[in-house]
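Here come two complexes built around chain A, the first alongside chain B, the second alongside chain C.
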Partner chain A sequence: MKRLFAIALGILTAIGGFVDIGDLVTNAQVGARFGLSLGWVVVVGVVGICVFAEMSGRIAAVSGRATFDLVRERLGPRVGLLNLAGSLAVTLLTFIAEIGGVALALELVTSVHYLLWVPLVAVLVWLVLWRAKFSLMENVLGLLGLSLIVFGVALWQLHPDWGHLSSQMAAADKPLGESWTLYAYFAVALFGAAMTPYEVFFFSSGGVEERWTTKDISTMRANVFIGFPLGGLLSLFIAAAAATVYQPLGISVETLGEVGLPVAVGLGKIGLAIAIVGFVAATFGAACETGLSAGYSVAQYVGWQWGKYVKPRVAGAFHLSLVLFTVLAAGVLMTMVHPILVTEFSVVFSAVALPLTYFPILVVANDPDYLGEHTNGRVANALGTVYLVLVGVAAIAAIPLMVLTKMGTA
Partner chain B sequence: MRRAVAVLLALSFLLTPFAGCTVSHPDGSAWRDQARQTLDDVASEVATASLVLEQLNGGRLPSSYGITMAVAAEEAASTAEEKLSSVQAPASLGGVPRKVLALIGRATEAVRKAREAVVAEHYDVSRLLRELDRLRTALDEQRAAL
Partner chain C sequence: MTTRQQYDAALHLLDRQIVDVDGLLVGNVDDVELTEEPDGSLVPTGLLVGMAALLPRLSRGLYRRWVRLAPANAERSRPGVIDIEAVAEVDSDIRLSVGRDQLIERRSDPPSGPTRHTLSELLEMRVELADCPGKALQVLDVRLAERPDARGKSVTALLVGHGRPGSYLGYERAPGRGPWLVAAVVRWMHRHSRFVDAAEVEIDWEARIVRGDVGTTPP
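For the complex of A and B:
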């Protein structure tokens, strides 16, 4: 019974914790502009993050070692350092976007400019990273993030043309008047939003922190294979709600307020209040996860003591890095760079940085020295190889597409 | 040869900061592209302002949320307008740029009025809603005509 409860809780938090500021903004932007014609990318991205997370979770459970520990060992200190620099830059970019996302959500409730919220949010994030228990942080914020299901209920209340939405998703074709370059740019952005590298750093490091063993592999798989796809369904709800309300009016999504407005149209104030709880939980949870992931990455590479279970005076350097990253994130936001712009950059650069950690994890997942009998099977390897190609293509295409489309505005 | 390359590199490095200080003067086709984008952006903000007012009037949106959205719509419309008006339109386009900028100016003004109504909590503004609707149609038509 206890085990069943643990599995159910893990699945629910995986659903609620799946969506972050990148998913919220990118799915609403794509839905408003392309309807559900890019919905297939969400499906591809969700399968990809399942493959990636399952491999790294299995590695953590069997070897007891987290991503950057292995990256340094497999690639050597120099290449490992380049790898760390790229991945850390993207994780920090996402961290900045998440803190900005929480501040934007609070601005919607209070009408107080988000910049005034940034220092407070940064302090709160740091306090949670410093004091709160790992399970409390993961479970409370993950469960509150489930309130984003309200997008599904709002979609139902908006009475969309289900046939039209289904045919858009099935046809996977660009709408009239849009170019294939733009379609490809937003496909890469959606892929990056679904397969954000920090999710895997956090997932595998969390596994090491919670001392997973081979006995935990089945629970981990249930979380990944049930929780993540259902989390992906929330992304599709957000896109479909935006498509239903905004596409006929020609409205493009540029603010977090516009992400939530379809819920108000469908369900009114109570629905919107639930959506805002979901925004705060999703972005605050992701801010904690990205902040920790940044600290984990550096500590694992350098070989410091790390982890929320380790007392701050034992893991001093790790905890100091969390403080520095939080100050840096708040400082960047205080320069008035807009969080939505940072979000748009972070999802595209996530796609660019993905191969840096995906490839070493795929290699280690096939190495019996680390995994013994738990190396990748045929299906895992086939999927792993297909996604290696997809991740590579997205990484190569991301920056040229960003330039060609002027970040999706051309 | 090396010296010449070094001088060229140094010159381009020194002159780069001044590149943004000149007035942009694109040719007719580039101006039309930029104008179409601006018309699109402003039409989106007009539609957003209208939708926010409707939701506030129907009691489906809290006023703080509406204010944040209306302010953002006004800022975005004004930024788009300023960006296009700072571009030197080519003489070959005759009176078209003036007409486009006037329409965008009217639309931005209507979005400003919508923001004022939202902040003042005067949501029953059917005349303003009709004006926003007319302007959105006009912006779309102008975009198609360019």
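For the complex of A and C:
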């Protein structure tokens, strides 16, 4: 019974933890512009993150190695450093955006300008990283993040043309008036957001911190294979709600308030309030995850003692890096750069970080020196290879598409 | 020092996490110290850690600049060492038999002391083999195996070929390992790679050239 509860809790937190500020805004933007015609990308991305999160979780459970250990062990210090620079940039840009996202959500409730919330949110995030228990952070924020399901309820109450939505998703055809380059740019951006490397850094390092063993592999798989897809479904709800309300009117989504507005249309004030609770919890949770992931990747590259479970005086350098990252994030936000715009630049760095993160995971997942009898089976290898190629294609296409479409504004 | 009979220094030692007897993390293996025995064999005697070991592997120029920033500081040109005696097990991490506090020290050998080299000096060294003249081969990995007199490990063979050390990714050790596409690409890139017996090569540390006769291809 206790085990079942642990599995259920893991799944629920995986759902809530899957969605961050980038997912919220990008899905709503894409939904408003393209309807569900890019929905297939979310599905493809979710399968991809499941494949590699399972591998990295299995490696963590059997060998106790977190993902960035593998990156340096298999790619060497030079290429490993290139990956560290790329993935640290992605993770820190996301970290900045999440803190900004929490502040923006609080602005929605209080009408107090988000810049005033930023220092407070930054201090709160740091306090949670420093003092709060890992399980408490995951469970409370993950469960509260589940209130984003209100987007599903709102969608149902909006009485959309289900046939139209599903045919859009199945046909994967762009709407009239949008160019194929723009369609491809958003496809790459959505794919990169779904497969963002901090998820495997956090997932595998969390597994090492919780001292997973081979016995935990089945629980870990349940979390991945049920939790992540349901999180992806949440993303689709957000896109579909935006598509239903905004696409017929030709309105584009720019702010967090506009992301939540379809819920207000469908369910009124109460719905909106629940959605905002979901925004705060999901972005705050993601802020903690990205902050820790940045610290994990640096510490694992250098070999420092790391771990949220480890006391600051035992893992001094790691905890100091968390302080510095938080100060940096708050500092960047105080320059009045737009928090949501920040995530769009992460596409560039994803092009470097994604292939250099998933390749070593795939190689080590086949290495009996690490995994003994738990090496990849045929399905994992077939999917892993396909996704490695896909990630490579997306990485090569990302920067030219970004230039051609002027970051999706052309 | 370990349960494993033989392993490859670049693949199994370099860049691995060092863990102390209490499970605390010490650092990563940034380089490996190799000491020349009187009989000419090379013996791993220490794990090198810290910037003075890592930076030369990242970029020689960067390392020289970093040393020049504090010319009086000898620690910048002498990396910290963890003696190989302290290593209890080489697995996916390197487990020590001692605690981490005050563990890393600097060598202070007398002038007549042993001749010491590092693994990174040996890696990427040019290799001239009599049976494949004209090919630009270099040292990719160093195989360590138990010595006959059971006095620890010594270098028994060199893996030579094209590309970067470690880029064989362990595929030379296991013929059937997947995924198929990655294995095929790695094997194709390393189609000229071969093992040469350490006893049959001459290592010129000054000119950075290894000379030998023949090599055997991996399985």
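Everything below uses one rule, namely that the second predicted complex is superposed on the first by the 404 of 410 C-alpha atoms of A that agree within 3 Å, B and C clash if a C-alpha of one lies under 4 Å from a C-alpha of the other, contacts with A are read in each partner's own complex, and residues count from 1 in each chain.
Basically, contacts are C-beta pairs under 8 Å (C-beta built on N, C-alpha and C of every residue); 3 or more make two chains touch, one makes a residue touch a chain.
Keep in mind that what you see is a predicted model, and the values were worked out from it rather than measured.
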(message) Taking chain A as the common reference, can chain B and chain C both be placed on it without clashing, or not? Answer clash or fit.
(response) fit
(request) Quick one: classify A:Arg72 as touching chain B (first), chain C (second), both or neither. (result) second
(message) Just checking: does A:Gly64 make contact with chain B only, chain C only, both, or neither of them? Give me first, second, both or neither.
(response) second
(request) Scan A:Leu81 for contacts with chain B and chain C and give back first, second, both or neither. (result) second
(request) Pick one for A:Val314: touches chain B only (first), chain C only (second), both, or neither. (result) second
(request) Spot which of chain B and chain C makes contact with more residues of chain A, would you? (result) C
(request) May I ask you to decide whether A:Gly268 touches chain B, chain C, both, or neither, giving the answer as first, second, both or neither? (result) first
(request) Go through the superposed model and pick first if A:Leu106 touches only chain B, second if only chain C, both, or neither. (result) neither
(request) Determine, under the contact definition given at the top, whether A:Val42 touches first (chain B), second (chain C), both, or neither. (result) neither
(message) Can you report the least C-alpha distance between chain B and chain C in the superposed arrangement, rounded to whole Å?
(response) 24
(request) Name, in rising order, each residue of chain C that touches chain A in their complex. (result) 12, 14-18, 24-28, 30, 49, 54, 57-59, 91-93, 164-166, 169-170, 174, 177-182
(request) Could you pull out which chain A residues touch chain B in their complex? (result) 107-111, 245, 249-252, 254-255, 257-258, 260-261, 264-265, 267-269, 272-273, 409-410
(request) Would you tell me which residues of chain B are touching chain A in their complex? (result) 37, 40-41, 43-44, 47-48, 51-52, 55, 59-65, 67-69, 72, 76, 136, 140
(message) Touching residues of chain A toward chain C in the complex: what are they?
(response) 63-65, 69, 72-78, 80-81, 300-306, 314, 362-363, 366-370, 376, 378, 381-382, 384-385, 388
